[in-house]
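Got a structure for you, questions after.
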Amino acid sequence: MTDKALDLSVTIAGIRMKNPLMVASGTFGYGEAYASFIDNNILGAIVTKGISLEPSQGNLPPRIVETPSGMLNAIGLQNVGLECFIKEKMPYLRQFATPVIVNFYGTSIADYIKLAERLTGVDGIAGLEANISCPNIKEGGISFGTDPAMASRVTEGIRKATTLPLIVKLTPNVTDIGAIAKSVQDAGADALSLINTFTGMAVDVDTCKPVLANITGGLSGPAIRPLALRMVWETLKRVSIPVIGLGGIMNAQDALQFLIAGARAFEIGTALFVNPQAPYEILNGIESYLQKRNLSALSEVIGTLQQ
Amino acid sequence: MIHNATTHTAELVSKREVIPGTFHFVLHAPALARQSRPGQFVMIQVQDGTDPLLRRPLSLSGTCGDTVELLFQVKGRGTQLMAAWEPGRSVSLIGPLGNSFIIPDVIKTAVLVAGGIGAAPLLYLAKILVESRDLQREFFFGAKTGKERALVEGCIVNEDFEYVFVTEDGTQKFQGFVTDTLAGELERKKINAKGACIYSCGPSSMLKKVARIAAAYNIPCQVSLEAHMACGVGACLGCVVEARGGFKRVCADGPVFDSRALEWNYD
Amino acid sequence: MTDKALDLSVTIAGIRMKNPLMVASGTFGYGEAYASFIDNNILGAIVTKGISLEPSQGNLPPRIVETPSGMLNAIGLQNVGLECFIKEKMPYLRQFATPVIVNFYGTSIADYIKLAERLTGVDGIAGLEANISCPNIKEGGISFGTDPAMASRVTEGIRKATTLPLIVKLTPNVTDIGAIAKSVQDAGADALSLINTFTGMAVDVDTCKPVLANITGGLSGPAIRPLALRMVWETLKRVSIPVIGLGGIMNAQDALQFLIAGARAFEIGTALFVNPQAPYEILNGIESYLQKRNLSALSEVIGTLQQ
Amino acid sequence: MIHNATTHTAELVSKREVIPGTFHFVLHAPALARQSRPGQFVMIQVQDGTDPLLRRPLSLSGTCGDTVELLFQVKGRGTQLMAAWEPGRSVSLIGPLGNSFIIPDVIKTAVLVAGGIGAAPLLYLAKILVESRDLQREFFFGAKTGKERALVEGCIVNEDFEYVFVTEDGTQKFQGFVTDTLAGELERKKINAKGACIYSCGPSSMLKKVARIAAAYNIPCQVSLEAHMACGVGACLGCVVEARGGFKRVCADGPVFDSRALEWNYD
């Protein structure tokens, strides 16, 4: 319709991305898993699998089970550990003209601080995404992300430990996501990403056992999209920092729902498993949408929800 | 390992119900056919929309020219939907995925041990072995009933293979589990470490026994495993098995493993 | 397989039901909507549409939107009001040999108390199901069901106002469902039902408006089943009163997952919309399951989860 | 109102693409065919599984012996999936649902006003009017383009009806909206309150204008409405419209409403 180049670029927490499509942590490995399907250079940003100070084996299998329009995973945050990540995974990731955002987690505030400090020096890391859905071992195993005060303390700790752009990723398993978001903002986060998975469960009626060795797992995929969208919208009423939306985005229409509701960018996770071509199709779909409406920049779409 | 898998839009060329509930598909997918090796698998999209959501992993049971073959059993909703497909249908596949069976240069005897539908990847291997090498070939096939013979007979030509068919219902010469006869036959035929290689696919209880026999006779043994998968490409870490030295991904580090590399306590 | 009569009966809060299948509030009207499809006598119990002191118009349309394996509703608790319910709806409901459980809600504790008092005298009501997912108008509009202390106070109030069996229905939009459940039990509830709907949202990308006039709505259907099941299982670790499980149950397998996890009965809602024959199919499926396992009573299935 | 709807397993007997994107289905469903009246609808299951989850509401566009007819336009995923169905397929329907058009005993003139696919329920009514009564019959059909004529012509025989076809693209005698000609024609033909009745179905913007014209001429007017539905049987309260005296359920209190009973500010 138009020959004008469309401007899909967005800036989040000072990270400039050529488009708003990010790949979600835990669904894209360390950037290599989809190499034969996707040119990493077309992505807005790559978020890597969550890393911890030490390598982690994760949970026993079975680790995944399909549910209606969704899947439960109980990977248990298996990862190669901080030092191996820097040494063996970063060189590959540095090749691309795409910002690399490193997702990380700890089981104490000290862990988060050490991780943030160490990652800050590393060449090629554009920003950090702190996953605060993990249990705080020191304080009775309650997730950092479910209590505003704890969420604030861990964010403050990380904030002081790094000069990198800091995105905090929130868990949806809470009563008031806005309250958590607000306290994370006030503690110094540059942006928020939401949501992580909802805790769910499946039972095998033949064996009378939980399907997952871990009993419970995190629900992702289109099933949770309406809940994720509501949380993004609700959060945006409480914070002024940018919000990255995710949860069940499968196609351009889904992504646009989040952008219209005010998310400045979005991540896709489970969609990649189902359709490795999703990044191309989603970006094309967003371009068509702009063209059909005679818009030249994505910024004209973000937050246009009429209430 | 960086694989060469991509998304393929294949056409279902032919469909045959080999025995009730088990289907043979031939799909036109030239690029896939060209790149695949025995032991590799594809992730197949069952239906548009989000239920069922995940692709289903299926081994390649062969390639021929521009086509690939699948042999699958109806198990749950996904395979049931596939069973209703008609030739001409367009099918989304990703592949080829995973590693493949290794055929050592020095191989003298190949012993294939299949349990039920586990025959699928071994039929592909069998074809390659016949085409590419001059060696002694044994095919052990274990099934519940005699009628399952149709899964392999016709593919496994008796001149190419020494063929042993074992059924649980005893309708054949050999009754019981295929693993009950394996050791005896290895013994009888004096197959041992020297240049022999066992290739096996089937239920994990069977694989465990095959691995034990292989170890006893000190014969290298490659097993093809199954696991519930989300991505099939090594990204999600959903499909791991316990191996010596930590978890391995069935989809990307496997599905074929040296039996000695696995922790067999996992089932 | 066996000719023995199977015993599917369960007793919840002193209410004896011939089987564990209940129809969920808001999905079966006042018992008449499925009259041409279902013999009400085959049901374990009927839970009626939530009533309030005064009739309520509910929200403006559009009120529903389909989502992946689910639907959002924003009915806004439209109902005929307490007195009309008693006068015009109860006579119909009394005809059946099936316990009638009246779902009700208020926007203040006083409302809940008045409703419970008035319903207690009424012939043919076997029990009450208090929906505490509604905003507490007096205390800033926060839902009664999201705060353990508020949940406790409203339960206590109702408990004192009625001698009828009291089921309290919990909302899943909370951080710690077990804590709410525990405080509702301690405040005197005889049983719990969970879960009500998850708050979600959908945006129409063509109009850039929320699809629902109310902006947000409640997600029900199979999409939420893994989350509901997890909450039932988690709640059962904290309480000793019976739990009724619901959320996305479509077939016998789904229902059995809840029963095996420990729910003593279950409700179906959205399933009725999709398949009005679901009650028959589910009951048959449960009978087959018992027969296949050579069991004669449902009690041998409940809570058999092996962990 | 206690309806007599039940679940029917119907067989798709024939399928015809009337104009691109609009299909005519004939379904074998004897009990349903027997019980239905014009204006009623069915809720049709699009696919097994949970996506799409909800049934789709479709008006009956006729019955004939043991069969019922549907006329539908492909709009989204559900109707797209239906468009791919082949004769012989088994289809789950619930119905007959809703109320129906009322034909007063004293009726002298029936004026049917259809907009696009809104013709569906009116074709059923038209047939009944032709079969059962001797009266003056007018059929106004508004469409975007001339090719939509195929939706009604063939069903509406010109000897039975005075037929007015209005298109937005002006390929016909009358150009514009069907409502632009309606008043003029009523005037010209001297159709007024005395024994006349207007029946209308189409986009809500059209129905609103029809209702206004009916009110101006003081002619009773019945309109058939659409709303997004979950249950279709009156249980969920999802499908309400604003009526005088409060919300009404389109599925159970409608889909046919006296135009004077509605609050026309709703669109």
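So that you can tell them apart, the chains are marked A, B, C and D in the order they are listed, and the count of residues begins at 1 in each.
Just so we're on the same page, a residue touches a chain if its C-beta (ideal position, glycine included) is under 8 Å from a C-beta of that chain, and two chains touch if they have at least 3 such contacts.
Everything numeric in this text was worked out from a predicted model, so none of it was measured.
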Intersection of contact partners for chain A and chain B: C, D
Distance between the centres, which are taken as Cα means, of chain C and chain A, whole angstrom: 34
Centre-of-Cα separation between chain C and chain B, whole angstrom: 47
Where chain C and chain D are represented by their mean Cα positions, the distance between them in whole Å: 36
Residues of chain A touching at least two other chains: 68-70, 221-223
Residues of chain B whose C-beta touches two or more other chains: 50-52
Graph class of chain-chain contacts, one of line, ring, star, complete, other: complete
Chain B residues touching chain C - in the complex, by the definition given at the top: 50-51
Chain B partner contacts - residues on chain A that touch it in the complex: 26-29, 32-37, 49, 57-58, 60-66, 68-71, 73, 75, 78, 221-223, 250, 270, 272-277
Footprint of chain C on chain D - complex, ascending: 2-7, 45, 50-55, 94, 227-242, 246-247, 252, 266
Chain A partner contacts - residues on chain C that touch it in the complex: 67-70, 72, 146-147, 173-176, 198-203, 205, 207-210, 215-216, 219, 221-227, 229-230, 233, 248, 253, 256-257, 260-261, 289, 304-307
Complex contacts: residues of chain B adjacent to chain D: 47, 49-52, 77
